[in-house]
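Below: the structure, in structure tokens.
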Amino acid sequence: MTQKSHYIRDIVPGERVRDLFLIARADLGQSRNGPYWNIHLQDCSGKVEAKIWNPLSQQFASIETGSIALIEGLVETYRDKPQVRIDFMDLSPSGNGHDIAQFMPAARRSAEEMMEELEDLVTEHMKYKPWKKFCRKVLRSEDIRQKFMTAPGAKTVHHAYIAGLLEHTLGVAKLCMAMCDVYETLDRQTLLAGAIFHDLGKAWELTSGPAHEYTDEGKLLGHIQMGQEKLEPFLKRSKDLEEGLKLHLRHLITSHHGEHDFGSPVRPKTPEGFALHFADNMDAKMNMIDKAYEDMEQAGQEWSPYLRFLERDIFRPTRTPDPARAKANKEKNQCLLPLKG
Amino acid sequence: MTQKSHYIRDIVPGERVRDLFLIARADLGQSRNGPYWNIHLQDCSGKVEAKIWNPLSQQFASIETGSIALIEGLVETYRDKPQVRIDFMDLSPSGNGHDIAQFMPAARRSAEEMMEELEDLVTEHMKYKPWKKFCRKVLRSEDIRQKFMTAPGAKTVHHAYIAGLLEHTLGVAKLCMAMCDVYETLDRQTLLAGAIFHDLGKAWELTSGPAHEYTDEGKLLGHIQMGQEKLEPFLKRSKDLEEGLKLHLRHLITSHHGEHDFGSPVRPKTPEGFALHFADNMDAKMNMIDKAYEDMEQAGQEWSPYLRFLERDIFRPTRTPDPARAKANKEKNQCLLPLKG
Amino acid sequence: MTQKSHYIRDIVPGERVRDLFLIARADLGQSRNGPYWNIHLQDCSGKVEAKIWNPLSQQFASIETGSIALIEGLVETYRDKPQVRIDFMDLSPSGNGHDIAQFMPAARRSAEEMMEELEDLVTEHMKYKPWKKFCRKVLRSEDIRQKFMTAPGAKTVHHAYIAGLLEHTLGVAKLCMAMCDVYETLDRQTLLAGAIFHDLGKAWELTSGPAHEYTDEGKLLGHIQMGQEKLEPFLKRSKDLEEGLKLHLRHLITSHHGEHDFGSPVRPKTPEGFALHFADNMDAKMNMIDKAYEDMEQAGQEWSPYLRFLERDIFRPTRTPDPARAKANKEKNQCLLPLKG
Amino acid sequence: MTQKSHYIRDIVPGERVRDLFLIARADLGQSRNGPYWNIHLQDCSGKVEAKIWNPLSQQFASIETGSIALIEGLVETYRDKPQVRIDFMDLSPSGNGHDIAQFMPAARRSAEEMMEELEDLVTEHMKYKPWKKFCRKVLRSEDIRQKFMTAPGAKTVHHAYIAGLLEHTLGVAKLCMAMCDVYETLDRQTLLAGAIFHDLGKAWELTSGPAHEYTDEGKLLGHIQMGQEKLEPFLKRSKDLEEGLKLHLRHLITSHHGEHDFGSPVRPKTPEGFALHFADNMDAKMNMIDKAYEDMEQAGQEWSPYLRFLERDIFRPTRTPDPARAKANKEKNQCLLPLKG
Amino acid sequence: MTQKSHYIRDIVPGERVRDLFLIARADLGQSRNGPYWNIHLQDCSGKVEAKIWNPLSQQFASIETGSIALIEGLVETYRDKPQVRIDFMDLSPSGNGHDIAQFMPAARRSAEEMMEELEDLVTEHMKYKPWKKFCRKVLRSEDIRQKFMTAPGAKTVHHAYIAGLLEHTLGVAKLCMAMCDVYETLDRQTLLAGAIFHDLGKAWELTSGPAHEYTDEGKLLGHIQMGQEKLEPFLKRSKDLEEGLKLHLRHLITSHHGEHDFGSPVRPKTPEGFALHFADNMDAKMNMIDKAYEDMEQAGQEWSPYLRFLERDIFRPTRTPDPARAKANKEKNQCLLPLKG
Amino acid sequence: MTQKSHYIRDIVPGERVRDLFLIARADLGQSRNGPYWNIHLQDCSGKVEAKIWNPLSQQFASIETGSIALIEGLVETYRDKPQVRIDFMDLSPSGNGHDIAQFMPAARRSAEEMMEELEDLVTEHMKYKPWKKFCRKVLRSEDIRQKFMTAPGAKTVHHAYIAGLLEHTLGVAKLCMAMCDVYETLDRQTLLAGAIFHDLGKAWELTSGPAHEYTDEGKLLGHIQMGQEKLEPFLKRSKDLEEGLKLHLRHLITSHHGEHDFGSPVRPKTPEGFALHFADNMDAKMNMIDKAYEDMEQAGQEWSPYLRFLERDIFRPTRTPDPARAKANKEKNQCLLPLKG
């Protein structure tokens, strides 16, 4: 029974479900007919609302967010959305070792595959030994590697899922390398180091759990300073790396938000600083649009609703006809998709 | 005598010069010792100030900006900069057909070479016939091609030299294609069309003469609208291009400044719109930094003065050692460098 | 039965209604007692909410927005507002040719009357033949005239009703002419042309239907550019109009929002440009206040609620006593009033 | 000799002048050849620079700004502008009672004429006795009337000349009355009272002398509050004027800058408040453009230089041909023109 | 029965209450089971929601906000908050003279005590007789003293309770005196006068009733101007106070918001002006944080929710251990605490 | 001869000087009569311009900024300011060990005295041993103490002189302690630690030499991050200090600029954070005003010129008469005053 068979993305009104779900949120409500629980169920394919009505509701004195429960119930419709009317819930289902990846959204590609690609970039572009050694040392330190494999890229805005930080880091690094092909004066290796570690602090700024909350340190110091602190011991130990290169790397990290308004205490003062900021911005925006496009595709809409983080609504224009693309028939693994809703 | 032998970049205090220069500016001044002319001489390698003191000054009732003159004089120093004390000037030197390219700064590469590379991009990426046909039609129309070969990219900020518009266009197009390699969902062909024509209106917004002044139309309508108007007859004639693709291209042009503040009446609403805006911004910034770096290199400085358009001063950091790069021994043609000063 | 007898403005809780209404919105809800329809009914005098409770609700698989329906029901009160509990609904009532004007709010005065006044302004002020000819040509072109008679002035902010664009255009034109009386240096005729056509693009930026939605073109290009394109063929054909005057007119249209922030790619550079921008702004503000005043008058309030578009609440101050005004006894036609709510 | 015969507007290089001028500014300079005085001479037609070279310069230990002096000298040219080389100066010329109006720029029309027109507006529009009585009382109080006849409208930006405040007040009042013709709901009489007294405090915010300096009170309290205080005793004595009307008038004055940013402690909350703010803004802008146009006309330029207060350069577009206007042959009194420079 | 025995802060779900409460808000709702009243009850210790369900609800045609009622009912829970299900309500309970202080939140300390402390500050610091006389005159004028004893410090943001204005005034005055100890050049006495009267106008800007609404004058003129007007007669009568000191005091009041954006028509131009603005800002912020801390303490949270007026969430950090502080055992009077919710 | 006898503050036109001065700036100019040096001389009492005319000028191929020279010359007047016409200059005067303090402006009080007062604050307020130990450790570390004794508080804006950082730190600390007296909930000890170390990074952000230039690190990382790094080893070694207190201290440093715009990557989230930001801002402003007041007092002006950093001009108002103050007869040491000019 620890094997999920039903994913939220697939449930349809009218059917009955019996499966494991993560409790993403649980509030006690009160209606004329007594207390009821308003619950958000989650798995890797999406979220759905559910209700436990009186008198079943009274069996649960409290329901802990983040726990995995066995749920049984009927799928109804409320305001045009499916909603589960729960008639049975087991908060501690047997078979404790549930694979958390089944219950949380994740990046499209596996963390291992992305980490490998990141390390390949180091191998390919880092011709200067001290840089290569430094990057590998950091990427292969147990603590940091572990964080990279799981940390989200942001709380809600972009890459807000397992290994989202790694996906974002990879995107920024690739874009930076592409920029170096166009602008030859850029210092390719320092820029790559900056791209790889620009958001390192985020791994500690947010918790990795289902809710991606900010840590106290994250809110009081910010991920830029936290990243610097994580890198510092590695920098100190890289005796063969020029001090000027270390200073440049630290400047890249500290200035990568581009403007004071976005939390950078100093603004970019080198071409690599500008390039990193553009790449960071571009990759975040592309991820937000990507997420919006998926929803629009599902809903068959050409215009997105107003997207707060982009401060506009987004359009899916006519695409240039492309026979090659049409053929590609992607099979999507339900659990490698960004969370709906 | 119509053959220039001395370039401004090379003149040194103490020597005498006798050569052709373009008069970039001429004002009549008045000192205790009588009237004098304060003149800016220009050739493709740079600018230098010059003076015609009394009584020679009185021989010239007026001096027209933009004319080419034969100048003779002694190079002195004033406030640490060279200054020519003119003792002979012929405002209509024999041999009328002076090659204007000798007197104005130009892009590093020849316009022909860059245009060819731009057309190669069309050939390589435009798989959809109607797009390819459209782009070629526009690029090969006599009027537009001619403008592209000479128009500057901006009045003063970036690419402010002959064929600067073409150089900028090529940079943006290449960066956009690099982005498509990283973000596969981008519509590569529409984006390329947008990149190639995003600043088309600039060819009419500015005059192509030595001073790069705005035209009345340029100041009253802006280059975005002017570009739309230039493209419109070509769009109308492209019967096989989908209306949706035409609309997208027009949206890309109209929104490429990214924000209302920068003069875009609408902001980007498609991923290609974001990408074009980023590429445009990045290419302009890289050109500004490039220009500043050249000055800093000559002056042996690590920090630039405050650069108004970047709203900061710029740093030349320690570069990652690169044996390959060190070997490359660039021979620079004096006339293919951005203007100093 | 196609004759409406009851207008929304007049319905009172407790009575029964049986009449034709436009369905402005329809959402399916779900309560403990089963599904219900939440509906917004509309006619030219206002809007009212209505409910179709279970089991009647189940008779309607879908309800199309924008259709006209025969409704029967009881008027109840919900949260101090009237609400219709529908007990009969016919979605395709006999007598198909319903006069849409009965169901949508409209400007206070008839479109014909306002168009006539606009043409009178041309006759009165256009002393220069080519201007007069040009304005008449455009105003009398079938397509444009038709749009002017029906298009709203904006989506929601001001003049958001049938012929609202015409009403706004007329207001701006009259205010501009009044300004010319005070500031004699203004070029009265060019300014009048600018006033008449400044928002022409809005006729295509928004759909004219009950919902006033933006068109794709409207969102991707903006009404300023769309207006220019509509005028262009007329400008091309006006051979006797000086190019400088045409350029000025186009500048007026392109700059009439006054600032980049409000979507003008260039800002006004002539006194006529400033005047048009002020008049446009003033007329829009007066219309918003007018609408708020009507609601306040009905509700007997001195202060409006916070008005988002004016970013403040509005006050109805003590009026200077005016015997003349008091006598005027306006009879209001229900269908010539801005929509309530 | 107290009769001016030469006006600055007319002086030409090469001639000698001997006439009375106001000393607008005087600084002692130091050249290799000894000390010299750098002086700005002024009369009602404009300003011109002048020099007193060594040794004559040593005759004047100090030169007081604002005094009227008899000047003799040769008109030379310096940087394309005329400059007077003074060879005689009498700082206390006989005939003390110089008519100050000959030495300071003034509004185009006489103060008496404008005041009469302002009072006519009161007579024409103030149908409500208490308003008419109130306005007349204030306008006819000796102190206020005297100020109105001489005070400038601003320090430098607009209407910065004798009776400029009155000219501006009249312009705003006329524009407001024109607005009332278009928007019938406006309370014409309260608005007129607001227009007439909106800038009353300016008469005390600035000194009326040649330099238009701010007073301490002006800088520490601002003209809005100062105006309120000047009106207060009149308001208190108008027993028959409704309190609500008084409050509205005070609101109009306090909010007429429109936004906090421009120094209004509250923003307009009534339609009359919006109207007054628009009229104030429009009249100021028209005056700035007017001034710029005059300079451009003299210099034969189509584009103004960058105007700091309008934050742009201004264009003189092609005018609609107007036979009537062409005929009007204005004879201009030198002393009724805004100051050049 | 006019003696309250139960305070809202203490009620717990499950118990029955019978006591006097102030009706802070009352809306008529409509459910499937008929009309119901949604009511906010208030006393000095907090607020609680209550419902009167059908058919009892029908006994009350209207319920006036601000009245005091005898309520009986059962305390239930709704969405984790207590809610009173009313089964008896007497809108005009006998014993009319209810002590309003039992029903409204108030400052922590009594108004008398705070007023005494304020007068002590005058006695201690005002060494210059005319200042001392002036301050006492104003503080002891019946009207002003009365207002100070009851007026709130703001509508909702900070010090929004009885005598909140006095508490804020005292805080600002003490902080200013502390600043004078550090910066000796500050004019201690003028600054104290400024601190005491900086917000005087607020006593008339807001009503003192349960709802703290803005008055018409408050919204149309603002408290800065209103304060000036209240002080003016006192200033006029203080013949022995230097005009320059009066002007400085008026400048302090007019500029104390620091920036135009916050409604100061002029910005501080003296060191005392800067000091007063900082103290005003600091005291307001400390009060907002204080309020948030109390809620957080009760809820046992380290982070506050997002606080709109501070534009951030607030943290309760680890405190430096302090044995002295731990011992202090504050007994809190329920009615001297800021309102919860 | 190494004993200065003449200070710049005292020199008067007409006299001859022969003394040691620091060369603050030296540019080579060119006049019709040949090259000349334009020099800024400096000592602890102020700055003065000087000239070395041809042919003496030709004796100096270069003049190094920052060196101390023996100067002889005549004091003349140029544009109402004194200017030294140098007729002898020895760039390496005998007696090398010049006391730098004679040539640079310094804080009013001696660094030793201020450091003692700062340590006294620690002794007085730090009741919690771990805090006291920590603060003393840092303040007594050789490197940091040395920096504190000499570092300026900023490049140009405020406290821009020897030990200016210490003076500012002391001011902020005292103001924070005064705030704790008014707001009892503030954590006095953590706040004091924050006040003492908030600008620590500035000691490395700027060079301590005569020019106060930014270091590369200063411009690329900013003083906030640099301060954190300096404190980090001390924090790590303070085993008995709670982690929560350390985190709070680090938050105080990182957030003390108050807003992103001023370079704080995070904004204050605790009351101590608000208090520190206010105190920092207040102390900087008071120092700027102090400096302006000194100049105004010397010049006998009531209004300062426009002060760019305060974005306004400043007024010296009438002071409350104070017999005590009048008696105090301060003797000022020329070398303990902020630099003029």
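Letters A, B, C, D, E and F mark the chains as written, and numbering starts fresh at 1 in each.
We adopt the following convention: a contact is a pair of C-beta atoms (placed from the backbone, for glycine too) under 8 Å apart; a residue touches a chain by one contact, two chains touch by 3 or more.
From a predicted model like this one, the values you see are computed outputs, not experimental measurements.
Touching chain D and chain F together: B, E.
Common neighbours of chain B and chain C, listed by label, are A, D. Mostly differing positions are employed by chain C and chain E in their mutual contact, as under half of the interface residue numbers are shared between these two copies. Pairs E-F and B-F differ in how many C-beta pairs touch across them, and the larger number is found at E-F. Superposition of chain C on chain D using C-alpha atoms only gives a rotation of 180 degrees, nearest 5. Computed from the mean C-alpha positions, the centre of chain B lies at a distance of 44 Å from the centre of chain D.
Spacing of chain A relative to chain D, judged by their CA centroids, is 63 angstrom.
Here the spacing of chain A and chain F, counted between their Cα centres, is 47 Å. Multi-chain contact residues of chain F (touching two or more other chains): 216, 219-220, 247-248, 251, 269, 313, 315. Screening every pair of chains for touch gives A-B, A-C, A-E, A-F, B-C, B-D, B-F, C-D, C-E, D-E, D-F, E-F. On the chain B side of its complex with chain A, the touching residues are 127-128, 131, 171, 174-175, 178-179, 181-183, 185, 187-190, 242-245, 247-248, 251, 267, 269-272, 274-275, 278, 281-282, 285-286, 289-290, 293, 312-322. Of all the residues in chain F, the ones that touch chain A in their complex are 216-217, 219-222, 224-225, 228-229, 232, 247-248, 250-251, 254-255, 260-266, 269. Every residue of chain F that touches chain D in the complex is listed here, in rising order: 31, 33, 76-80, 83, 302-303, 313, 315.
Note for the complex: chain D touches chain F at residues 27-30, 32, 35, 216, 219-220.
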